[in-house]
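Below are the structure tokens for one structure; questions will follow.
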Amino acid sequence: MQLGMVGLGRMGANMVRRLMRAGHECVVFDVHPEAVAGLAGEGATGSDSLADFVSKLERPRAVWLMVPAAVVDATLDELVPLLDPDDTIIDGGNSYYRDDQRRSARVAEQQLHYVDAGTSGGVWGLDRGYSLMVGGDETAFRRLEPIFATLAPGVESAPRTPGRTGDLHPGEAGYLHCGESGAGHFVKMVHNGIEYGMMAAYAEGLNILRNANAGSVQRTADAETAPMENPEAYRYDIDIAAVAEVWRRGSVVASWLLDLTAEALAASPHLDQYSGRVSDSGEGRWTAIAAIEEGVPAPVLSTALYSRFASRDLDDFANKAMSAMRSGFGGHDEKQD
Amino acid sequence: MQLGMVGLGRMGANMVRRLMRAGHECVVFDVHPEAVAGLAGEGATGSDSLADFVSKLERPRAVWLMVPAAVVDATLDELVPLLDPDDTIIDGGNSYYRDDQRRSARVAEQQLHYVDAGTSGGVWGLDRGYSLMVGGDETAFRRLEPIFATLAPGVESAPRTPGRTGDLHPGEAGYLHCGESGAGHFVKMVHNGIEYGMMAAYAEGLNILRNANAGSVQRTADAETAPMENPEAYRYDIDIAAVAEVWRRGSVVASWLLDLTAEALAASPHLDQYSGRVSDSGEGRWTAIAAIEEGVPAPVLSTALYSRFASRDLDDFANKAMSAMRSGFGGHDEKQD
Amino acid sequence: MQLGMVGLGRMGANMVRRLMRAGHECVVFDVHPEAVAGLAGEGATGSDSLADFVSKLERPRAVWLMVPAAVVDATLDELVPLLDPDDTIIDGGNSYYRDDQRRSARVAEQQLHYVDAGTSGGVWGLDRGYSLMVGGDETAFRRLEPIFATLAPGVESAPRTPGRTGDLHPGEAGYLHCGESGAGHFVKMVHNGIEYGMMAAYAEGLNILRNANAGSVQRTADAETAPMENPEAYRYDIDIAAVAEVWRRGSVVASWLLDLTAEALAASPHLDQYSGRVSDSGEGRWTAIAAIEEGVPAPVLSTALYSRFASRDLDDFANKAMSAMRSGFGGHDEKQD
Amino acid sequence: MQLGMVGLGRMGANMVRRLMRAGHECVVFDVHPEAVAGLAGEGATGSDSLADFVSKLERPRAVWLMVPAAVVDATLDELVPLLDPDDTIIDGGNSYYRDDQRRSARVAEQQLHYVDAGTSGGVWGLDRGYSLMVGGDETAFRRLEPIFATLAPGVESAPRTPGRTGDLHPGEAGYLHCGESGAGHFVKMVHNGIEYGMMAAYAEGLNILRNANAGSVQRTADAETAPMENPEAYRYDIDIAAVAEVWRRGSVVASWLLDLTAEALAASPHLDQYSGRVSDSGEGRWTAIAAIEEGVPAPVLSTALYSRFASRDLDDFANKAMSAMRSGFGGHDEKQD
């Protein structure tokens, strides 16, 4: 079927390619004309404005937005007046699910359908397919199923879960209608929250391995620093890249994230090209807020989020306050260890 | 080659089977004669005492212990006097790496080799193979490589990491010599620490999904309980088993642990047969202690460990103390919400 | 001066008493007539409806609300139409600071002042005074200063901070204008967030003392449970009530919360009358959300909050999921230890 | 009575002064002769070697060590051979309680008493007195009580806990015999663990106040950074030093640590002289290890400890690993925000 794609960055462009490979027809737009030209050269129908883009789509139109969360509202402001009743907008980016609730209500006033499609798969989705978590009205979801089915990895991308036989159960095809408006991004949000936790789990563990030689390092003995308890127990020099390889095979912690970690370590065993300032892009925060508002404990996911904040020195004043207290009660000066 | 196996529980028995399938010869012993009889019926050489077991092994002997960490010392007390110089003992269980350091020094006095082999793979290892993290002297490691190579999943069990070509790098065959005595169990310990973190990440995320309908639940309005901030934002009824399926395909959080979770949810969407009292078996604790002694942050791994303690009500007195304080400063009575 | 008080619960009634002791005149209202009658018997002017209450106040009126956060909006719906331009409403309860922002804008349309006054001191404030954190327009704050000065403990309630001499600096009198609308409740919110962290710090520490005899308890040795590492190091029976006493004198952790804890332990060394289900009443949640939205790490405060959730078994499904995973990969059954 | 003091640093010198003020006789030694000379000028009996020091003490001697934990063993190696049966050694420093267990057993072979005396009070103890947590055999404790009673703040340093009347209960005098050898340092260790948690609670809260203006800061809108959710809710400029003052009076979070924080903020509202690299000196680590080995949750205390590690960049490799994963799955480059 025909799909219009707005936003041809990392994700959007590859989704268009994956759709075209399967015979779907794509009309594309981006604020960067060269991105449009590139995909036009691969078979897509280019457009040079949102109006031009809309005019090239057949009714009822299906318009997929793959733009930064921060510019969705601005895009809708311009796009919505150009659309006609029964057209569908799909937000495939990393929007906050509450914005979906608000936006779907807004466009419903114009008889437009609004679908939120949480999309996981990163730069690898072109070949692996994208895991799709979809929310919004069921009619629109059904109409778009050929698109979702093509973008998704397909049931065969993983062995069927033991106990699952016969007709496919929901989700097994790699896409899922999760519920009403916002449900897709809600599930995607929690997905990313889990991702933060898993990443931190690997990162902390690798750091412990990396410092398994801490007992070989000399320490000062003074009132500020306790002697290391058991230095003789920490004298291993561990090949972390090799550990990642062995864990990839048969271990309980095998995962796609571990595969990626192994690849990074194979290329750069000490990861020296990274500064260690870790960004966060919204979902981790929203997941923690959801846990708090629901009243359920999420200490691991929240702590993983806070570690990212701290990696960017956002704990600076807190640390100064602790140093000030230590100075106050004990006359302790800060050490530069 | 020939291997002796002591301990024919869940893990040990399947390891013997995997070795025999590949043509290795196994002599087996267990304190439960029926476990010995079972494997004898499958082709192993049974024995009815440690002395009998040792007598059936050719020198230099290779004796693999697959027994609970708590009984390794008692087993060594009985086994070591029966062995001869140049024999090798392999501890494949979940021993603390510091015990390896102590034990290897002890048996070295009798010219015995001591190898620690952290073993991951659980009940699935018979078919998937076992991820093996090995420590101890290199001579013994080399001599045992045919055993390790058979037990391990093999390089083909995962696509080679991009950037890895030609001869196998360490770890790619699914087993790795990690370093001196204890290094194998050290790496396995951290592996399990990461596993705790990953499990908690999934568990917290699924709990957030499960409570995505919290806004549909009525709450009392009194001084003890703030009204829910945004009830209208939490009215989703999410099919968690279906979410696990969709995440298994193409998502960033795909992993073997997720596969197992999907299987559990397929069989029992609400997991009602579990009480939620989560055991911990040592490695998670040791990992946290290692982080602390090394001086590196491991808040995610430690928090995951503490969540298990709390699941078994080991926070009971702490909670009472908080209730007592609330009563003290605010006259707050405990609510049973 | 004259003040009207709506809400005569734990806090409101004592605040009225403290004001009257200092010669202020109080008009009071509560939905429970007996609460009104009680204070009328102590010298306050009672009223039997909000209309009656308002009619007994001189213009420009000052109306202090001391009601549950959940009923502030309903109270305002009824109260605001009864007021006249230049009257002032003070919300002294535990409202969310964002609600102050919304409410102050709303009542400003009727030329009413709106002051948010975060109030700490609990049931002890009658004698100790209340710490007051105030937000809103400065005119109204200045007009109400005689009230704040009476309710607050006064500068002499603590030794002046070394370095503070001469005229009082802001805050030294025990009340503070923190900023625009909502700033008072924002500071009070963070105050309570800190309180959650402090309470959890004491509670965890006391629990560690309480279990200092863990090494005297027999443990099973099986594959599910590692033997305790160093049982001989945990054989102390510690008198926790006595420890609280010693810490109250000269130690770094001395505090009012510790005083209250000592009192609870003096009355009941094992705190057996508490179930350990710890409530939370909003501010702890809001503090964590503020940290997340600001992008600053607050792992201690958030973890303290989550511990309260877990004390009420809101981690139930998460724990079941972990047990299910353990069963899946290792065949582990849950233990009831 | 007479007491010998070894170690005349911050703590030891002031303890000698406090004892002399009360009429006790002190013999002093330090590896720095000028420290000895200083106290000799104030009335103490100086000594120029440990042998000289011991010779000036009357039998049965009482020798208080106030030296860094790292040099206690070396000091004992030199001191113990100089002592006679029934002499007592008191370790008043920050030793690990397990070292007390080991050391007390060792010196018991020479009929020496060994007392561990956890000492809190910092540089303020001279005037406020020291909170003393004592372990070891009861005979020695009783013999030393005049010393403990002088060093401790005394019952009158805090109002008696409601419910405590008549004869003093254990701990009320400001010193406590906590149990057998090591019990004093065990209780002191947990005390410091709590202190870490409290300090982090204040520090995190102050950091949230400090960033209450986050909504006034411009943020980039791109795929890496979600727009701030509610910038209009974070536009407060809060006078943190004034907040500390108001909290000192009548609030639930009033404490001695808060007094010290207020003093630091009065002198330097932005704490610019601190770098924010926060040391840890052993007890926080040991407290977390004790929690883990006992099997009780201590997420707040552990997280506070880990925040200190992170303040010293010991999370560096972990952060790099997270950046590497983000690059791997999403093509995300690190931002320098």
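Every chain is named by a letter (A, B, C and D) in the order it is written, and numbering of its residues begins at 1.
What we mean here is this: contacts are C-beta pairs under 8 Å (C-beta built on N, C-alpha and C of every residue); 3 or more make two chains touch, one makes a residue touch a chain.
Since the structure is predicted, the reported quantities are computational estimates derived from the model, not experimental observations.
Considering every other chain in turn, the ones in contact with both chain A and chain D prove to be B, C. Looking at B-C and C-D side by side, the one with more C-beta contacts is C-D. In terms of the distance between Cα centroids, chain D is separated most widely from A.
Centre-to-centre, using mean CA coordinates, chain B is 37 Å away from chain D.
Centres computed as Cα averages put chain C at a distance of 28 Å from chain D.
With centres taken as mean Cα positions, chain C sits 43 Å from chain B. Touching two or more other chains at once are residues 122, 200, 202, 204, 207, 211, 229, 252, 256-257, 263, 285, 291, 293, 295-299, 303, 306-307, 310, 314-315, 318, 329 of chain A. Interface of chain B with chain D (complex): residues 252, 285, 288-289, 291-293, 295-299, 302-303, 305-307, 309-310, 314-315, 318, 329. Listed in rising order, the residues of chain B touching chain C in the complex are 9-10, 68-71, 94, 96, 122-124, 199-200, 202-204, 206-207, 210-211, 221-227, 229, 256-257, 260-261, 263-265, 268, 271-272, 274-279, 281-282, 285, 299, 303, 307-308, 310-312, 314-332, 334-337.
Here chain D touches chain C in the complex through residues 97-98, 101, 120-122, 125, 128-133, 152-155, 157-159, 161-164, 169-176, 178-180, 182-183, 186-187, 190-198, 200-202, 204-205, 207-209, 211-212, 214, 228-230, 232-239, 241-259, 262-263, 266-267, 287, 290-291, 293-301, 303-304, 306-307, going by the rule given at the top.
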